[in-house]
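Two complexes, one shared chain (chain A), two partners (chain B, chain C).
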Partner chain A sequence: MSLVQIRGLKKHFDTVRAVDGVDLDIDEGEFLVILGPSGCGKTTLMRMIAGLEKPTAGAISIGGADVTALPPRMRGVSMVFQSYALYPHMNVFNNIAFPLRAQRREKKLDKRAIREKVVNTAGALEIDMLLDRRPRQLSGGQRQRVAIARAMVTQPAVLLLDEPLSNLDAKLRANARDELKDFQRSSNITAVFVTHDQIEAMGLGDRIVVMSEGKIQQIGSPQHIYDDPANEFVATFLGSPSMNMLSVDGHRMGFRPEHFLPKTLNDKPDNSRVFHYYVKRVEYLGSDRLIYGYIQGHDHALTLAKVPSNVRAALDVEGDYQFAVHNNDIKYFDKRTGLRIQPVKAH
Partner chain B sequence: MGVLSWILTNFWALLVVALAGVVGSRIAWRVRKYGATREEFSYVLRRSPFYLVVLTFCFFAIAPFLIMFLHTFKTDGDLYRRPQPFVFRQEPTIEHLDALFNNTAYLDFIRNSIVVGVAVVIITLVLSLPAAYALARLTGRWGERAGILMFLVYLVPPTLLFIPMFRIVVLLGLKDSPMSLIVVYPSFTVPFSMWLLQGFFKAVPPELEEAALVDGYNRVGAFLRVVLPLSLPGIISTVVFTFTLTLHEFIYGLVFIANTSQRTLSVGVPTELILGDVYFWQPLLAAALIIAIPVGLAYNLFLDSLVQGFTMGAVKG
Partner chain C sequence: MPSLRHPFDNQRLVGTLFLAPALLYIVLIVGFPFLLAIAFGFSDVTVGNTELNFVGLRNFEAVWDNAIFRQVFETTIRFTLISQVFILLFANILAIIFTQDFTGKWFARFIFILPWATPVSLAMIGWLWMLDTKYSPIDYLLLQTGFLGRGGILSDDRNLFWLASPDLAQISVIFVQVWRMTPLATVILMAGLSSIPTDILDQAEVDGSRFMRTLLLIKLPLILPIMVIALLFSMITMFGDMTVVYVLTRGGPVDYTRVLGLYSFQVGIEGGNLAQGAAISLFAFPLLLAMAIFMLRTASRAEVR
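Then we have the complex of A and B:
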């Protein structure tokens, strides 16, 4: 049985349906990422798991016990906030010891035990030399580690992380991502990570939950949701630049820019679809060239192609070219519902 | 008396000597540190006008208190002859100070004021801390309206309320007792403190409380362990402000208590030391000055957080 079970969860604020019927199982020890654009309800979903928000309807159980009506402190979860929410009036030691002191009675912790746990956790996160400092004397990366240490020190059943990397600068973020993943693996904790950044989601998640408008659009491994999107939203939300979408024969047809290559580079000409492509402009991005243009017959839809720079193809001039996509890389979606449908045979 | 009288009569000379001493020792310190160079000399010359201006302003700022202080020791003849605030033309005397402490109930007034002030501060905090917290976190329409409504209560002047309040005080059997003030003063200190505290509570990010909730505390625990320590400057300035409000309240104190020894400073001092159109200036000024000094020091100490409290309420209220 899964560690966390969410059934029919809803949260309505006045007329807004922030979370609108979510069913989700989270397995023990997995790193689950909830991904979606801002306002999709992902943070509300996490806050309901934490107990900071009361669901309008539905149930949450953790470790087999129904916790829907329980306050946060009785759920065995801990949380890393986007702003880290470190207590500014306490030093790092007291910040990390804070949740232990809250539980010192039921867990029978004395001063020595608390000190030991704090020092061990701080050591694991390499912040043991900062224990006497105040939060404002720490860098962004150090604050993030303190926040994680505070969340981990009680060995919670579930660790909730609300965009904890978004306050770090880009260089630090890649590093922090790597460390976070290592730490989760070695401690084998169940982590739920909310983000709007698909690179973070793809890099960290064992499984990714894609959300939009309060509903789960798809759940799956990073590769699965990228290669096999369940609907048009997932297809276009993931990937940068996003999937090209064209209306063809009453359906929506999509293919990713990196699969849209000059015909001369196509290795399976008999299993590919060829387009007349008018190249308008080429952006050189270092590792890739990003090509802006239009497919003949679809003049209103800007279509992008992403060609690796090491591929020598004469594309630098504005004009007409022949581009092709493998049939396997073309996805079809229902025009009305946006749901994925089986390939349409060419007539 | 000899020393005091000498100090007072030579007040100006002493002031000049003290200032010269301060300036001289400062210059001497600089010379010892940087040497008596030409640059040092021109630096002192360059900075002098600035300090001269500062000193002038300081003088204007403390002049009222200086005048109060000096007048306390003047004889009637010296005081009433022709206004000469800074010069003693007759020998200084402490007879007025003596009269203030021994012939009036000044010490009783001080004791009553402190008892009333401390009790009202405690009641105010007990009531307004949770109320302000609720208002700060009730972010919906009604929370804001309730806050404005409660502040409106503060704007109803005591001149309108003192008659009905008097009926209540009589009903409670508290007439002629400082207890009546302890009961009535919170009617204006609570709305005001609540408004002030609300601004401080709003400045505490809700995420910090939520973190405390997840970390294992209930609402009360989170409030006590996270919100209160973080708004401590605000609470201190609320205490100072509430105390001063009770200290200078006049009309309730005058109406509710007819018994001199039960009166507070703000009522007792003017009623005892002004008889008809006769003002006993020297003890009056002394009584005001003695109580103004600790209040002034407290304000000075918490000035920054007071200003912060007012502006925070203004921007976020």
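Then we have the complex of A and C:
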């Protein structure tokens, strides 16, 4: 049985349906990422798991026990906020010790046990030399570690992380992502990570939950949701630049810019679809050339091609070329519902 | 071309214009009277003789040797300190209540702010009636419920003499001061409480902290700097106040409720000895200055971001 089970969960604020019927199972020890654009309900979903928000309808159970009506302290969860929410007037030691002291009666902890746990957790996150510092004396990366230490010190069943990397600068973020994943693996904690950043989601998640408009659009491994999107939203939300979408014969047809290449490069011409492509603009991005242009017969939809730099073929502005996509890389969607449909034969 | 620029593009000019009202206010309403008080304090000026002759520290020595002044000074400090304790206590409790969600919150806040919004003298006339020696409605209620009157628990008398008995007069004055000053302190503390980031409070909740722990270890330490400011405001206002006692007791019975502001007014204006009146009020200055410096320093040291 899954560690966390969410059934029919809804949260309505007046007329806004922030979370609108979510069913989700989270397995023990997995790193689950909830991905979606801002306002999709991902943070509200997490806050309901934490117990900070009361669901309008539905149920949440953790470790087999129904926690829907329980306050946060009785759920065995802990949380790292986007702002880290460190207590600014306490030093690092007291910050990390705070949840232990608050729960010392339930957990039967004395002073020595608390000190030992704080020191051990701080050691595991390599912040044991910072215990006397105040939060304002710490760098962004150090603050993040303190926040994680404070969340981990109680050995929670579930660790909830609300965009904890978005306050770090780009260079630090890649490093922090790597460390976070390592830490989660070695501690084997069940982590739920909310983000709007697909690179973070793809890099961290064992499974990714894609959300939009309060509903789950798809659940799956990073590769699964990228290669096999369940609907047009998932298809276009993941990937940068996003998937090209064309309206063809009463349905929607999509293919990713990196699969849209000059016909000369195509190794399976009989299993490909060929287009006449007019190049409007070329951006040189170092590792790739990003081509903006139009497919003949689809003049109103800009179509992008991402051609690796090692492909030396001349692609000039205002030139006409033949481009091709493998049939396997073309996804079809229902025009009305946006849902994935079976491949449609070209006429 | 500078000649085409609008005069308001000139930052110096606009800045001066915007600052002028505040500067004018400070110079005319605060600075000038303050300097005048110092000049008076070192002179022999009276209402009858407005010539300023420098007399050195004579006025201050005379005031300090005066037993009444010593008692007035002590009363002022005592009233101020006692009322601050209650003001802080009530303001904290009320600020916490008013920052919770409940129906009728806005109405409750509005009603509550009234004591502070009412002109002092008007409010004091109201209290003068409430605490009237003969017709006090409080006494009436106590009489009807058997606390007063023959065989009553509080007194056999039909009245408690709120403003006429030495102990009750002091308690009444302190009570009215607390009633008057608590709203301002509450509003300041409410601003402080609502400035605490919700993330911090949510974090405390997830960390398993309950109401009292969050209040004592998170909320109060975080609003400490603002609490000091609130305290400073109400202490300074109260230390210099004379309206409350002027309307309620005129300093009586005997000298039990005579405070510095009132005494300075009585000696300087009513008694006509401007020089000594000024000297009396100036005694408050170094004390308040030291207090303000100490508290502002504490506040900035406690400030954590």
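Note that the second predicted complex is superposed on the first by the 345 of 347 C-alpha atoms of A that agree within 3 Å, B and C clash if a C-alpha of one lies under 4 Å from a C-alpha of the other, contacts with A are read in each partner's own complex, and residues count from 1 in each chain.
Note that in this section a contact is a pair of C-beta atoms (placed from the backbone, for glycine too) under 8 Å apart; a residue touches a chain by one contact, two chains touch by 3 or more.
If you're wondering where the values come from, they're calculated on a predicted model, not measured in any experiment.
Chemist: Aligned on chain A, chain B and chain C: do they clash or fit?
Modeler: Overlaying the two structures gives a clash between chain B and chain C.
Chemist: Does the superposition put A:Ile341 against chain B (first), chain C (second), both, or neither?
Modeler: neither
Chemist: Between chain B and chain C, whom does A:Ala85 touch in the aligned arrangement: first, second, both, or neither?
Modeler: A:Ala85 contacts both chain B and chain C.
Chemist: Could you say whether A:Ala102 touches chain B, chain C, both of them, or neither, answering first, second, both or neither?
Modeler: In the superposition, A:Ala102 contacts both chain B and chain C.
Chemist: Regarding the shared-chain residue A:Arg136, is it in contact with chain B (first), chain C (second), both, or neither?
Modeler: Touch partner of A:Arg136: chain C, not chain B.
Chemist: Check whether A:Val16 is in contact with chain B, with chain C, with both or with neither, and answer first, second, both or neither.
Modeler: Neither partner.
Chemist: In the superposed arrangement, what residues of chain A touch both chain B and chain C?
Modeler: Chain A residues touching both partners: 50-52, 71-73, 77-79, 81-83, 85, 87-89, 98-99, 102-103, 150, 154.
Chemist: Can you name the residues of chain B that touch chain A in the complex?
Modeler: That would be residues 205, 207-208, 210-218, 221, 225-226, 229-230 of chain B.
Chemist: Over in the complex, which chain A residues touch chain C? Could you list them?
Modeler: Interface residues on the chain A side: 47, 50-52, 71-73, 77-79, 81-83, 85, 87-89, 98-99, 102-103, 106, 134, 136, 150, 154.
Chemist: Flag every residue of chain A that touches chain B in the complex, lowest number first.
Modeler: Residues 50-52, 71-73, 77-79, 81-83, 85, 87-89, 98-99, 102-103, 150, 154.
Chemist: Touching chain A in the complex: which residues of chain C?
Modeler: By the definition above, chain C touches chain A via 197, 199-200, 202-210, 213, 217-218, 221-222, 302, 304-305.
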